[in-house]
Amino acid sequence: MTISLRKARTIIRKALEKGRELELKPLSVIVLDAGGHVQAFEREDGASVGRFGIAHGKAYGSVMMGMAGTAQMKRAEDQAYFLAAVNGVFGGNVVPVPGGVLLRDKKGAVIGAVGVTGDSSDNDAIAAMAGIEAANLVGEI
Amino acid sequence: MTISLRKARTIIRKALEKGRELELKPLSVIVLDAGGHVQAFEREDGASVGRFGIAHGKAYGSVMMGMAGTAQMKRAEDQAYFLAAVNGVFGGNVVPVPGGVLLRDKKGAVIGAVGVTGDSSDNDAIAAMAGIEAANLVGEI
Amino acid sequence: MTISLRKARTIIRKALEKGRELELKPLSVIVLDAGGHVQAFEREDGASVGRFGIAHGKAYGSVMMGMAGTAQMKRAEDQAYFLAAVNGVFGGNVVPVPGGVLLRDKKGAVIGAVGVTGDSSDNDAIAAMAGIEAANLVGEI
Amino acid sequence: MTISLRKARTIIRKALEKGRELELKPLSVIVLDAGGHVQAFEREDGASVGRFGIAHGKAYGSVMMGMAGTAQMKRAEDQAYFLAAVNGVFGGNVVPVPGGVLLRDKKGAVIGAVGVTGDSSDNDAIAAMAGIEAANLVGEI
């Protein structure tokens, strides 16, 4: 199982709508497939230009390690050098904070990840979850 | 002037529709802003997983050099070492073939680029132009 | 659908057996999943130390572009600068010659790739196909 | 002296069996030779896709510095900047935690390393040692 483009679009639109509803800062949302490859991405007007990289890093680390943003942040707080090393292995593409949400199928297999950035990490995760639920998927924050 | 997310969405949707109309292989479409930063991207179901990188490389080289895909290809054919050197400067992120389309405003200033990949380079460019025209912008192939 | 470790082992063992049967030089065989990630790899005694990279490069390019080694080689011969650019995008990890074999499911979706290196490119591909057939999969040379 | 493919296979199989016996999460196991080059690797079904990089990083640092994972971790905790610098030298390929096990011959010369990842670092090291002992080799955790 993988994320279809149709599902990815739903996730992005609904995450952005949630951001408007909560009056968050301009958001950027990425959806990666089960291999960590970009399926779709949108950056709202007014977001800073580097947001693709941040959104990507949140979602990419989630897929590559099978560990969502909150768990990555805990590991980074406990063992900063471990996350630094992991970032060496993955080309500096891991951003270990909330807003990286792991997607699993019903058997628990990773089928992709969503990355949201723009507001606080916790608000980013709330927007991501709104998109994921609208697409009838289960997210792991 | 820059590309709004609304315009980027139109470009992507209409480019993908053109691909379906012409029965092209699954396409991937990226829109970059005037600074070469990702605004929006979509990869159709069935496209190979590395298509973000190829679409990005077509559009990125266009913005960074202010030269669209066809002109880059000619330069690559005339002076392969020049494009190789450019790729050293830009971190290997330039893919010098058609399907990278430059966007200019009415005064000729670069406001972004579109990158399409999935079918032949020429068909990729046709799909890109369909999206650009639907967004009332002018593309340089 | 993806390649199980059990299938990957079968592919590797049978490819190596084919190499011994044909008295090829020591071979190295890699199996990548649908996202281009390493599932399994073995290097025969006597193979040179850099064979992981070559095997990986043959299979990785196949997955990322959805194009097997023979087609990549043709494209490299027609447009050397294009393959050079693609290698920039994919971090220099593409080796565009036979021995990179694409795996598809019955609907044509890419489910992984096999990379074999050690003898001539054509013999490498023969060994790869022997492994793939033993695993009841279909390879695209 | 170096690690034969036969020995590498034994290490991997027995490490994976140990993981199943202890009901660990899905494991990935790599064996590197005395030069730090990949000899063999297997990733169990259900392991996250980035596990090759982590397993490799644990074993690679062990060979390159002649120092196993536990000693590397202590050094990282005492002098985080030193490990960061080492990772600069070795291209970000060092993951300084247990699960990277150094292999020495009877005279103490490094003949390779094993890297295991998937469960806690300590459990990863236990699985690695089970494989190493089954191959009649001596491991340094």
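So that you can tell them apart, the chains are marked A, B, C and D in the order they are listed, and the count of residues begins at 1 in each.
Keep this in mind: contacts are C-beta pairs under 8 Å (C-beta built on N, C-alpha and C of every residue); 3 or more make two chains touch, one makes a residue touch a chain.
The shown structure was predicted, so the numbers you read here are calculated from the model rather than taken from an experiment.
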Approximate Å spacing (C-alpha centroids) for the pair chain A, chain B: 25
So, what's the distance in Å between the C-alpha centres of chain D and chain B? 43
Distance between chain centroids, defined by C-alpha means - chain A, chain D (Å): 30
At least two partner chains per residue is the criterion; list those residues in chain A. 33-37, 91
Should the pattern of chain-chain touching be classed as line, ring, star, complete or other? other
Which pairs of chains touch each other in this structure? A-B, A-C, A-D, B-C, C-D
Hey, which residues of chain C end up touching chain B in the complex? 34-36, 63-67, 79-82, 84-92, 108-110
Chain C to chain A touching residues, read off their complex: 33-37, 91
Interface with chain B, chain A side, in the complex: residues 4-5, 8-9, 33, 35, 37-45, 49-50, 52
Quick one: which bits of chain B touch chain C in the complex? Just the residue numbers, please. 46-50, 53-54, 56-57, 76-77, 80, 83-84, 87, 91-97
